[in-house]
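In the two assemblies presented below, chain A is common to both, partnered first by chain B and then by chain C.
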Partner chain A sequence: MKLWQRYRGLILPVIAVAAIALWPVITGKPADRESAFTILKAVALATSLNILLGYTGYVSFGHIVFYGFGGYVGIFLLSEHGWSLYSSMLAGGIASGILAFLLGKAILHLRGGYFALATIGINEAMKAFINNFDLFGGSTGITLHFSIYKLYGGAAQALQTAFYVSIGLAFFAVLLSYMVRTSKFGLGLLAIRENEDAAEVMGVFAPNAKTWAYVLSAIIPGMIGVLFFFKNGNVEPHDAFPLHASIELLVMVMLGGQGTVLGPILGAFAYQGMRGYLVTSDFFKDIQLSVSGALLLLIVLFIPAGAVGWLRQRSALLRRILA
Partner chain B sequence: MTLLLQVQGVTKRFGGLQALTQVTFDLPAGQILGLIGPNGAGKTTLFNTINGVYHPEEGRILFQGKDITQNKPYQLAQAGMARTHQIVQPLNELTVRENVMVGACFGREKQNLLKAASIADEVLNFVGLSAKIDQLAGSLNVAQKKRLEMARALAAHPHLLLLDEVLAGLNLSEIDGMIQMVLDIRSQGITIIMIEHLMKAVMNVSDRILVLDYGMQIAEGTPQEIANHPQVIEAYLGDPKLAAKLMEDD
Partner chain C sequence: MQQINLLLLSLPDGILLGFVYGLAAMGLTLIWGVMNVINLSHGPIIALGMFGTFFIFSRLGLNPYVGLIPVAIIGLLLGILIYIMAVHRIINAPHLSSLLATFAVNMIIIGLSTAALTTSPYNVDFSLSSIQLGKITLLGTRLAAALVAILFAGGLYLFLYKTRPGKFIRAVANNRAAAELMGIPSTKILALSFGLGTMLASVSGALIATFFPFNILSGGSYELKSFVIGVLGGLGNPIGALFGGLILGVLEGIIPAFLEASWVPVIEFGLFVVIILVRPTGLFGAKK
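== the complex of A and B ==
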């Protein structure tokens, strides 16, 4: 088999991410760069959530907790202990991974709606905890000293660097998602999604597989959190653990197609595009979240498989091209 | 003769319901054991207890000489047990091939994806589903889903195969095909326990038969012995002449 045929499921996802990344490079406008950063961040987050939601079939309503927690850990190390951006991101990712591992052991035996409810509870509990955790600055959070950006060539250059790092993270997320999707481990996750009891009878070690899926879905959000709050200059509890952002991630994954590599990328792009339009329009700017709620309702009612999933159901040929 | 499975005094209760009472039998390797009994007799519960979905309140179960009473289904699958379900459990959104690959990847032999794909092709050919290989499992009809269940179980290359009413809902020619398949599987050296309501099939295929009624083991023996067992005739077959009729070829 030729190389491109072997990895054909990766072709469209890579082209999609590359296109988003190249767009501000071609136009050269800082505003486009900021939009592209937001989309790439959404791509990385939605793609990560998809490992749990799409492949394993467990709905997490509080996935943003990993973004916030990892972000806090990274920014704390960066600000108080002088770690570099990169080692802070790594630490944030690992911290979120460990948090997911511990949470997974505790709540992944819950199924369906009970698991989803538990994830909301965890996000809110973490927000309340950080609000009262003095080491992380309590309710005022941590503000980075301006001098930190000097190490990255000044604030303007730091924004540029953050953009490049976000491209790397988006590619990393997509590659990880693809590797999980096409691995034996991934086949076990899909079996759990379809029928957990039948999967166990066939030998899938479900408790372990689910925990690792949860860990893998938490690492990149932790890293993205560090990057975002580095760029932002400060981190506060209500910015770090916004429940509505978790729900927006769900909309992105569902819109593009859960359980596919390409779906969350297209979903993130489409949703951020729509959101960009809504928040700038006079009529929708205050009610843009209700639009995403309505959108989620419409998807669940009419195309529960999402756009890519819908296409995959049409024919065996499309299933081969669209991973 | 080595004993593959030993069930010793197994009792299972659900609240006040005594689903299994002191069930005891030995299963030598290479045999087919038929498991019969009226609806609600505890046949599927016995399967669930053997393959770790339930754990018995009393008694113990040995598989290849090891105590597996408290093991989980995935541990038993890896140890070489495979089963089909009375109510088919296809992985609907996966293709037929992927369904079977799950069995090969996570069952006894823990194959890699490449080897699992070739085992899947082979097994699907054996059960006659080659033409459906790239279809989604959810799109199959009931007879095909039963074959898929069988293929998934076989792909693990198990030592012990538990077949839960694989003939139910099939038409006459499909039944003949499935019976032939069961005999072919046995000739590959796989030990089988089959739950079946279709008497003619179970009488012809089984080496031994175990009869359950209200969770009690009321008889065990060769098909001939079972057909003439007064208690079985009374409790299960009802009409003594029916037994003789069932043994005939029609």
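== the complex of A and C ==
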């Protein structure tokens, strides 16, 4: 088999991410770069959520807890211990992974609605705890000293660097998602999604598989968190654990198509693009939330498989191209 | 001594508030018990109840407790409408669908209300005289709210156990397919249950508005409290929810006497996660 045929499920996702990354490079406008950063961040987060939600079938309403927790750990090391951005990001990702491992051991035996409720509880408990945790600055959080950006060639250059790093993270997330999807491990996850008891009978050791899926889905949000709060200059509990952001990620995954590699990318792009349009449009800006809500409702009710899932159901050719 | 004084000050308040929290949670847990749907539009409906009191009292000049009647009726009808539009199609789908559908309703309500009412705080300038028992002061509005909450809880109990539609609701909660075979119109009963759940939410919101300032986003924190209470009392067990509310109210009354008030949510949500892990059926048993 030719190389491109073996990896043809990866072609469109890579093209899609590359297109988003190239867009500000071509136009050269800082405003476009910021939009592209937001979209790439959403792509990476939604793709990572998809590993748990789409492949394993567990609905997490607290995915953002890893973003906030990893972000806090990384920014703490960056600000108080002088670590570099890259090692802080790595530390943030690992910290989130460890948190997911421990949480996963505890809560992944819950099914359906109970798991969803537990993830909400964990997000809120973590937010309330960090709010009181003096090492991380309590309710005021941590503000980076301006001199830190000098190491990265000043604040303007640091924004540019953050953008390049976000491209790398988005590609990393997509690649990870693809590798999980096409591996034997991923096949086990899909079996758990369809029927956990049957999967166990067929030899999938569900508790371990679920925990590793949870860990894999948590690492990227931890790294993104560090990058975002580095760029932002400060981190506080309210920004780090917004419950509604978790739900926005669910919307993106649903919109594009859960359980596919391309779906979350398209979903993140479409959702952020639509939000950007609605917020700035004169007519919709006051009710943009309602318009998004109505759209979400229509998708949930009529196209539950999402855009990519719907296309995959149309023809065998599309099933081969769209992974 | 100082702590005991503080406790005497905050504990009665907490207990009375607990009944109102319990009422809100009862609505959530009723819907869960009947149709296994976690209603994520619970918070905005509580907030709409708050605005119900605001418009009835501040604009129309009616007594807020008389105003509970229209608020309850509108809450009921709104719930039936939400059920028909958003929930009915996906009632048998996986959890994600119903969670997202009710969250979509949440977004629609918040979006429209923000455009109409903004997110600035509102206040209902209403007060009743307070009752003094030794060192304990009971605020009139809170006492009345607790009484109304108990009244509604009792009413719900009588409805579920003594009337025909109530028995239908319990039958559908128990086994929908079997209930249908017995000739119970399950769609109507599901819509009615959803409506009752939102009715309780809107009434609790209307009561909360008589003592706290609020805006359209205020419902969110009461929705989270309802989750905690629902799990404490056992999801699907409306009477357990009332006790769960009391526990939460007592916690909110006790903790500030010993720790900073900002630790309250840490303990609440910590307890929530622990209960869900150790005893997911809640302290008083989930629906059988």
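As a convention for this text, the second predicted complex is superposed on the first by the 312 of 323 C-alpha atoms of A that agree within 3 Å, B and C clash if a C-alpha of one lies under 4 Å from a C-alpha of the other, contacts with A are read in each partner's own complex, and residues count from 1 in each chain.
Keep this in mind: a contact is a pair of C-beta atoms (placed from the backbone, for glycine too) under 8 Å apart; a residue touches a chain by one contact, two chains touch by 3 or more.
Model, not experiment: these values are computed from the prediction.
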Is A:122 touching anything from chain B or chain C once the two structures are fitted on A? First, second, both or neither. second
**Prompt:** Just chain B (first), just chain C (second), both, or neither: which does A:191 touch?
**Reply:** first
For this session: Figure out whether A:259 sits in contact with chain B (first) or chain C (second), or with both, or with neither.
Result: first
**OP:** In the overlay, answer first, second, both or neither for which of chain B and chain C A:26 touches.
**Re:** neither
Inquiry  = Contacts for A:199 in the overlay, against chain B (first) and chain C (second): which applies, first, second, both or neither?
reply    = first
Within their complex, chain A touches chain C through residues 53, 57, 59, 61, 106-107, 110, 112-114, 116-118, 120-122, 124-125, 127-129, 131-132, 139, 247, 250-251, 254, 258, 286-294, 296-297, 300-301, 304
The chain A residues in contact with chain B across the complex are 183-184, 187-188, 190-191, 193-195, 197-206, 259, 313, 316, 319
Listed in rising order, chain B residues that touch chain A in their complex are 51, 53, 72-74, 77-78, 82-83, 85, 89-95, 98, 101-103, 105-108, 110, 112-113, 116, 134-136, 152, 156
Chain C residues touching chain A in their complex are 32, 36, 38, 85-86, 89-90, 93-97, 99-101, 103-108, 110-112, 114-115, 224, 227-228, 231, 235, 260, 262-263, 265-266, 268-270, 272-273, 276-277, 280
